[in-house]
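In what follows, structures are represented as structure tokens.
Both complexes below contain subunit A, partnered by subunit B and then by subunit C.
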Partner chain A sequence: MKARKIKEKIIESILLVSSSITSITVLLIVVFLFSQGISLFGDSTVEKGSVMAVNKNNTIKELTGSQIKEIFDQNIVYWNEVGGKKDTIILFRIDDIGNYYSDEEIGENFEGLSECVNRLVDSIPGILAYFPEKYLSKNFKGKVLPLEKVSMKTLFKGKEWFPSAQPAAQIGAMPLILGTLWVSLGAILLALPLGLATAVYMSDIAHSRVRRVMKPLIELLAGIPSVVYGFFGLIVIVPLVQQLFHLPVGETALSGSIVLGIMALPTIITVSEDAMRNTPRAMKEASLALGATKWQTIYRVVIPYSASGITAGAILGIGRAIGETMAVLMVTGNAAVIPHTILEPVRTIPATIAAELGEAAQGGLHFKALFALGCILFIITLIINLLVESISSRNKHKSH
Partner chain B sequence: MNKLESIDLNLYYSDFHALKNVSMAVKANTVAALIGPSGCGKSTYLRTFNRMNDLIDNVKIDGSVLLDGKNIYDKAVVTDELRKQVGMVFQKPNPFPKSIYENVAYGLRVNGINNKKILDESVEKSLQQSALWDEVKDKLKKSAFELSGGQQQRLCIARALAIEPTVLLMDEPASALDPISTSKIEELIYELKKKYTIVIVTHNMQQAGRVSDYTAFFYMGSLIEYGETKEIFTNPKNQQTQNYITGRFG
Partner chain C sequence: MGSTIASRKRRNEQIAFWLFRILSFGVVAILFYILYFLVSNGIKAISWEFITQMPEDGMTKGGIYPAIIGTLYLVAGSMLFAFPIGVASAIYINEYTKDGIVKKVIKQMTNNLAGIPSIIFGLFGMALFVNQLKFGDSILAGSLTLGLLALPVVIRTTEEALKAVPDTFRQASLGLGASKWQTTSKVVIPIAFPNIITGLILSIGRVSGETAPILFTVAAYFLPKLPHSIFDQVMALPYHLYVITTSGTNVAESRPMAYGTALVLIVIVLIANLLANALRKYFGKKVKMN
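Now for the complex of A and B:
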């Protein structure tokens, strides 16, 4: 009797331990993701240990990351374009020092370098100097610009994703978020009509023998590894899109949408077909007995009755499309620009993380920015899952 | 004139012989009750009149069923046209998850009638025929699920009447209802037979006795005895019928 009780206790504690391990793991991952992602804010887009300085008479108080990039790309050449006086901007990088001072002045071991930089910044009114902090002289006569901190605005308003740019990294997530949404939206627009048509056919029109063959086939579609879909897309769909629309490259948002659409099909079909088959037989019979045709019964009774199941299927399909990495990475062309049409290359959030994590230095700005992207993706999919949850609970409520 | 008639009707579910050589006729504006133990084929037989059995895979039917003298199993017959003439009420109330109004209007809408005036008139008329109008006239836009079980069943009757059939099939229409609702349905059947020919399946012997003019007793897929209800209940010719009616089996 006692042995039995002890056995029960042991089993209970094993179950408790396993469930706690699972919950803690999930929590740890979420905490890790967000701690990394949030630590991005407060960092500067300009590399640590570097200084941006201007002449003391310059009225400029600060420069944003994107302004710095535009200036160094020489898209902005006058100070008044960034709110200053009407002077030409004269760029100075530390390598340029030889153009202004002789080797003797700089010194063999760069001992005179800080003084040279100091004099140079003081003498040229339109200068924008970018140099390592260690060459900042103690009695510097210029004005050191405060470095812009990364904020939500940088992340969501920035139109450019170029985290390895010098001197100021560009971490605008908008092109990636838009790329993800475009590709997923396209995928759902392609997959939803096709998936719904298949679901209707399988649930209400196909003979049971046909259904017995089709259903496992469609479920098989869900089991194909995504890299195979990517490969298929690269070899078949990319050239097809290129030829069809006479494009210079076939790796476009559209190709990604097609591949993702195919991948989302099994989810959409199985979930909505189940919902349609759950339409009570009595409901269908009532409709048919009133002289409605098969098709009238489908669109007046079956589809309205299973509307929430269909919605859940569609959202789950979108969820799969949004999180998909490999196949999209292979077919969308990976250009981190805001897309204007679906026939342009785009880059999605998961593809960016997969492609760039290897080259980002751990703990650096780029690394943290990728984690912030991960957080954004996590939030998007979380919203989608909550939507599915609320829709299916509404469904349960309705059937009672 | 016989409104409905079946001649040597045989029905098979795959290998199972569910109806065996059933021949009987129902006169216009009468109520015929089909009685018999569970699994005797009475519901299957009822469903041959509006070809509801067509929906089940592997059903085979021999013989003929005549509606106004015409075989409804003829190749030229369109089932949805047939079902507009032969309405049906099911065992469990099965309103659509729509408003009361839309439930009644459904049959007209699938016939392409969307004129609001015609719909309004038809909805009111059908609900009055099914003795539900006074209870629901102020809440036509409410969901049909807000009604009680008995009201839902009368709504289903109204829904069937809206398309103006000539025959009404009822498959144990009161079996899921309380006694008060049941008596309302029975009164309704008595009223409706003035305009419609009614075939009703019932488990309840008293009900068959109360509502029907003719009664058919089915057993093991065969029609054992068919005749005037008074005769069947007071003076059955067949021993099996007598045993069933007196409650010795079933």
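Now for the complex of A and C:
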């Protein structure tokens, strides 16, 4: 008897441990994602071990990452554009040292290099020197600029995503966030009317035989892998969009929306059809008995009754679309710029992670920035899921 | 007067119904076209050699045998992990807990896990299994990542299966003096078993097509050999389809292979669905007869 009790206890604890694994996983995902993502803040966008220095008479106190990029891209050429004196900016990278000093001065093993850099920065008033920290002389006569730390502002307000840019990486997530929202909203705008019409048709209009064929087909299409939809999109939708709108490339936000819309259809249809079929028979019959037509019953009784279920389906569809990776990666063209029309290439958050994680060095700025993107994605989808749950639980209370 | 209102009402209804009918058939037509397009193109690429040979000439000739094997390993690995744990969780939630805070937390967390996008699983799998636990890019890391992804699916379907077992069965068994575990293992699980297996098959269908979680945990572009241990990388069908359509050097020449690979993936999903439906129907009848 006692042995049996112990056995029961052991089994129960094994079951308890198993059932805690999902919770542990969620917690671990949060820990790993956010510890990497948050460690991004405080890092500098300029490569570790490098210095930005100016002449000691330069009034500039600091430069932001995007200013550095504009300067090195030569879009900014005067110091007064970044708040300094009216002087031309003279760029200096360590490779340029040969233009100023002879090999003898630099030395065979670069032993004279730090002194050369020191003299150069001291002699040219408009210089902006970018060089490795090891060539920073002990009695450096120039001014080393403090490196801007990555902040929430850099991430959310930055308009450029160019994480491997030299000397200053650009990690503005704005184009990616906007790209994700554009593509997903477009997908829902396309899928929602079609999906709802199909749901209404299946739940209240179609013959039960038609329904019995349609429903499994639609469920089957929900199971097809996203990479297959992406493949289909790439071969059929992309050329179609290109021809229809006479575009140079067909990989656009619109193509992404169409493919995602098709993928969201089964979710929207099944969820809202279930909600509509849950309308109590008595309510429908009461409406019909009062002389309402079937159509009036549908849009005055069935649809209002199942409104929250339909909303849940739509939001769930958006959530799926936002998190979708492979199909979007294959058809949207992946240009990390803020889109102006839906006929331009865009890049979404999941697609960026998928495309770039492989080439980002572990622990580097790029790597951490991708995890920060993961955090943003995680938060967005969490909010969406909680929203869906609260809506559908309200629905449950109503029907009791 | 009355009759004109009635006829207008009827006309409106007719218009609305036809609109809905056209839209729904439009949707079905789109979905059918996708299937038709992929199947009709894929069937030309499929042959015995295609599924039994290694790829050749930079993925333009030969077959996809290593990718099929790789996907099989990953499916088996992920299910070895997710199936027992998922079933045990569902048993605990449905048979052992009462409605309370523990059950609420477990269910909420399972829902949260189910809502996490697959690319986040990829990030997490890379951070934990590949880097932290130092499994490297391996079948082990990939299987565990996919297993975590499949866990909520297994839990949900098993829960549904357990819920479908009438309470009177449990009461009868407990009333005869059987313990909780005896009741669960001898009465509840045997009855729910077919539906549990259905859930397993559906999650196999899901796992075999997932790409994002394996990108950074296991998948390889090309391997000349089959894997020897669980610490080897493998090729996998969904990843194979992705690389040969987007980043290969011979995208145009490997198009037929891409069609073939897509079809193989669809067939796996198709078989999983049909099998699950058939099982459900067959055992559904059997349980009712008892």
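Here, the second predicted complex is superposed on the first by the 399 of 400 C-alpha atoms of A that agree within 3 Å, B and C clash if a C-alpha of one lies under 4 Å from a C-alpha of the other, contacts with A are read in each partner's own complex, and residues count from 1 in each chain.
Convention: a contact is a pair of C-beta atoms (placed from the backbone, for glycine too) under 8 Å apart; a residue touches a chain by one contact, two chains touch by 3 or more.
All values derive from a computational prediction rather than experimental measurement.
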{"item": "Which superposed partner A:Q296 touches (first subunit B, second subunit C, both, neither)", "value": "both"}
{"item": "Greater subunit A contact set [subunit C / subunit B]", "value": "C"}
{"item": "First (subunit B), second (subunit C), both or neither touched by A:Y201", "value": "second"}
{"item": "Which superposed partner A:M283 touches (first subunit B, second subunit C, both, neither)", "value": "first"}
{"item": "Subunit B versus subunit C as contact partner of A:M326, first or second or both or neither", "value": "second"}
{"item": "Which superposed partner A:V26 touches (first subunit B, second subunit C, both, neither)", "value": "second"}
{"item": "Footprint overlap on subunit A, where subunit B in one structure and subunit C in the other make contact", "value": "293, 296"}
{"item": "Subunit A-touching residues of subunit B, taken from the complex the two chains share", "value": "50, 52, 55, 57, 80-81, 83-84, 87-88, 90, 92, 94-97, 106-107, 109-111, 156, 159-160, 163"}
{"item": "For the subunit C and subunit A complex, residues of the former touching the latter", "value": "9-10, 12-13, 16-17, 19-21, 23-24, 26-28, 30-32, 34-35, 37-38, 84-85, 88-93, 96, 105-106, 109-113, 115-124, 126-128, 131-132, 148, 151-152, 155, 179-181, 202, 205-206, 208-212, 215-216, 238-239, 241-242, 245-246, 258, 262, 265-266, 269-270, 272-273, 277"}
{"item": "Complex interface listing, subunit A residues touching subunit C", "value": "4, 7-8, 11-12, 14-16, 18-23, 25-26, 28-29, 32-33, 36, 193-195, 197-198, 200-202, 205-206, 214, 216-221, 223-232, 234, 236, 262, 265, 269, 293-296, 298, 319, 322-326, 329-330, 350, 353-354, 357-358, 362, 370-371, 374, 377-378, 381-382, 384-385, 389"}
{"item": "Touch list for subunit A against partner subunit B, complex", "value": "207-208, 280, 282-283, 285-293, 296, 300-301, 304-305, 398"}
